[in-house]
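Residue numbering begins at 1 within each chain, and the chains themselves are lettered A, B, C and D in the order written.
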Amino acid sequence: MRVLVWNEFRHEKSKPEVAEIYPDGIHGAIADFLQSEQIEVRTATLDEAEHGLTEEVLNQTDVLLWWGHVAHDEVRDEIVAKVHKRVLEGMGLIVLHSGHFSKIFKQLMGTTCDLKWRVADEKERLWVIDPSHPIVEGIGEYIELEKEEMYGEHFDIPAPDQLLFVSWFEGGEVFRSGCTYQRGKGRIFYFRPGHESYPTYHNSQIQRVIKNAVKWVKPESGMMTNYGRSEPLETISDKELK
Amino acid sequence: MRVLVWNEFRHEKSKPEVAEIYPDGIHGAIADFLQSEQIEVRTATLDEAEHGLTEEVLNQTDVLLWWGHVAHDEVRDEIVAKVHKRVLEGMGLIVLHSGHFSKIFKQLMGTTCDLKWRVADEKERLWVIDPSHPIVEGIGEYIELEKEEMYGEHFDIPAPDQLLFVSWFEGGEVFRSGCTYQRGKGRIFYFRPGHESYPTYHNSQIQRVIKNAVKWVKPESGMMTNYGRSEPLETISDKELK
Amino acid sequence: MRVLVWNEFRHEKSKPEVAEIYPDGIHGAIADFLQSEQIEVRTATLDEAEHGLTEEVLNQTDVLLWWGHVAHDEVRDEIVAKVHKRVLEGMGLIVLHSGHFSKIFKQLMGTTCDLKWRVADEKERLWVIDPSHPIVEGIGEYIELEKEEMYGEHFDIPAPDQLLFVSWFEGGEVFRSGCTYQRGKGRIFYFRPGHESYPTYHNSQIQRVIKNAVKWVKPESGMMTNYGRSEPLETISDKELK
Amino acid sequence: MRVLVWNEFRHEKSKPEVAEIYPDGIHGAIADFLQSEQIEVRTATLDEAEHGLTEEVLNQTDVLLWWGHVAHDEVRDEIVAKVHKRVLEGMGLIVLHSGHFSKIFKQLMGTTCDLKWRVADEKERLWVIDPSHPIVEGIGEYIELEKEEMYGEHFDIPAPDQLLFVSWFEGGEVFRSGCTYQRGKGRIFYFRPGHESYPTYHNSQIQRVIKNAVKWVKPESGMMTNYGRSEPLETISDKELK
């Protein structure tokens, strides 16, 4: 399986406290724990040519992970269109944290994807809502994060196909933190945690969820569809309108 | 309630056989049967200024019906953006037949909305799948149309929130013909039948479904959401990361 | 509309602190705020003959509300079967709080309906997840209850058709507190709050949700289904198996 | 993986024309094509002691397939209760054809599971609705069966979690022929075709679907839930009701 971790990669360059947590970038941290014998991981970032998302790269990608925050608008529309096309063709997509406001996620959802937020060093507890889903395998009842950014309802998304996590926040809010969607032939998983100023992607349970999700969103083989004008499969009677 | 029926209104001008069936345009036929004491109906068409969809008109619309076919590309993106915004704010939307390929429907769905099709004067039978849904009230077990265009699966849409009709076609195909979606605060109903060369919108059961749907997609009063930075509702403890 | 409020009515008789909050029983309190010009409300309780749920009473009921807790097992199976039949025929059902473990709810869900719980005078905040649903009309962003029993995930129910509320609890848990289901021709709403030792049903927002829900679960008119052996609607060809 | 194929096994004994198609019983035919290096297949039938479904057998079963028709009522309630418990604990269940009226399926669904039917040697075409689902892997756009029993809508089931197939019938009906459900920790797949008087289970595409389904419904490892009274995870403040 070929996985591509895409990161905006701006905070790590401009904020020393982020660079300290993620010296190789958020993409580097994620690539590091995903790499295995079964999974070939590459990374791409916003400031590379074509954001590192050439058609060739996309065509060789089974699963794409997406982290962005301050520079969603700098992602070029024609690149987003290529990613969108690939998802509908079957490429799996995992949208992380502030990626909820990325062009690609909004285009796939059709809604504003807006939410409440607050950065206040508060506790988050992600409760498992669907304990037998492959994405939560090995997680137990909940994941506790000592400090995270808060995201609160209402989250303006289509009702998820499957709701896997709901977060409890110390400051009093809740949030649908793990959501799956099918769009075209592609599977999508949105996973809430991962603010750049906290070491969330170093948490082993968070890593487990992302590893499980990579396996779950990967495309099936042997998918087939035909569209457009079609010859009838049965004889159509000659008739007069009554 | 204020209803706006939007029609591309091209076939009626270029094809005499369509004008014969719909002398006042498809929009005229639909407006005609929707008009009532409770419902104020207006119409708008592609070739009007701003396609008849000015901000003022949209702001005064509770429910929008959309019929388009050959000129989807001529609908200007900034108008589509305004319609999209209004749906997410709560305006109900009913997408009819070939409107499946309209910009507004594709933007709300996030998928290609592609399908199979064939014009062969064949019989369609729309079976009710959800007999207690308000949109099928008074319809009975199925609607039979002596001649219609065929639309066949696979229909590339997100799984509908509610599946109300599945069509049987004489030529051997099936189709999810009545689908509801919630997007933002807006309710959406996609309803398949209505090819321009058949008198489908003169059928009393089809009219009944559309009347029911207008009532069902209309916005609720008293909807409320807040987004953006939020103060905590509970005290957040001072703490050190363990 | 004819509404029937069913209550186990045991706590109110055995515990003075409950009787103080609900001197006319929980059913009395609910009947009181539901009664209106449009709604005729009756009540029924466990210790009445046939639990107050004779076939005649059920046949004259459009919407049934159900509160039970310590005596689920005393509800006779043949009465449950009659209620079940009526729900599948279209009678609306609102299951309140500890009714999650009632025979009728478990039979309709097909699962254990188990959950976590704790009575600790803790704060509950019910966040609205689906702000445009008729059941949350007029509620705003959330309902806050100063003291309630905690119910926590995992809640062993089928994924709800629509998820309307998620609760935040002071002690650290979350819960799917407002869930809708369609079963047969009947609509079902499960609504979590309402422990007998707290004045929850005197809260005006809780009353608003229940009033909205009564309107939403009430049966449609003109529903129609046929089952069993059916004559073909089209000619079936004579053929030999290839 | 340990798979158990359960069959009523009555038609094969009483009707020579069925015995001719399935000389080893429907269970024998299914077991035959499921058997592989990865899958250990056993069978059980109604007339064995405890219907072949002892607690020991059930505890050693990962996936159960169920075919029944004329003798649903002879399946003892206490055995059904054991199967139900095992499904909620995670055992996968595949319900075949007339199993729609089995006690176990009705108990899991909570509805009547009624439908229309007709045996008239008519053509069925099962259209794939969800082309990227693992259960339809390798199937193409549809499966065509020259002769089958007709099942028609309305099918009185809860809306499926995922709708995989819709059937077209020569006589004019449609049917939701492939439906998935999650109940407790167990996955369920209902698959329509398989009337005893037709060689449906000898069809290689039907076999492919059933093989795919066995893999899809099998339980995940590492599922975990806790229910009942729970200590708080956060400090609950002392407070007075306002």
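As a convention for this text, a contact is a pair of C-beta atoms (placed from the backbone, for glycine too) under 8 Å apart; a residue touches a chain by one contact, two chains touch by 3 or more.
Listed by chain with UniProt protein names: A, B, C, D = Trehalose utilization protein ThuA.
Quantities reported herein were computed from a predicted structural model and do not represent experimental measurements.
Asks: Please give the intersection of the contact partners of chain A with those of chain D.
Replies: B, C
Asks: Can you give the rotation angle that fits chain A onto its twin chain B by Cα atoms, in degrees and rounded to the nearest 5?
Replies: It works out to 180 degrees.
Asks: Taking shared residue numbers divided by all residue numbers at the interface, is the value for chain B and chain D over half (same) or under half (different)?
Replies: Same, since most residue numbers here occur in both copies.
Asks: Which one of the chains is farthest from chain C, going by Cα centres?
Replies: Relative to chain C, the chain whose C-alpha centre sits farthest away is A.
Asks: Once you count every C-beta pair in contact for both, which comes out on top, B-C or C-D?
Replies: The comparison resolves to C-D.
Asks: Taking each chain's centre as the mean of its CA atoms, how far is chain C from chain D in angstrom?
Replies: Each chain's C-alpha centroid was found; their separation is 29 Å.
Asks: Averaging only over C-alpha atoms, locate the centres of chain B and chain D and give their separation in whole Å.
Replies: Roughly 36 Å, centre to centre.
Asks: Could you grab the centroid distance between chain B and chain C? Build each centroid from C-alpha atoms only and quote it in angstrom.
Replies: Here the centre of chain C sits 33 Å away from the centre of chain B.
Asks: Quick one: which residues in chain A touch 2 or more of the other chains?
Replies: Answer for chain A, listing residues that touch two or more other chains: 125, 130-131, 141, 152, 154, 159, 170, 172-173, 182, 184, 225-226, 233-234.
Asks: Report the residues of chain B in contact with chain C in the complex, numbered from low to high.
Replies: Per the stated touch rule, the residues are 90, 125, 130-134, 137-141, 161, 170, 182, 184-187, 219-226, 233-234.
Asks: Under the definition above, what is the set of chain B residues touching chain D in their complex?
Replies: Interface residues on chain B, with respect to chain D: 125, 127-131, 141, 152-154, 159, 162-163, 166-169, 172-174, 176.
Asks: In the complex, go through chain B and note every residue touching chain A.
Replies: Result: residues 88, 107-112, 114-118, 120-123, 146-147, 150, 152, 154, 156, 158-159, 161, 170-173, 181-184, 225-234, 236-237, 239, 241-242 of chain B touch chain A.
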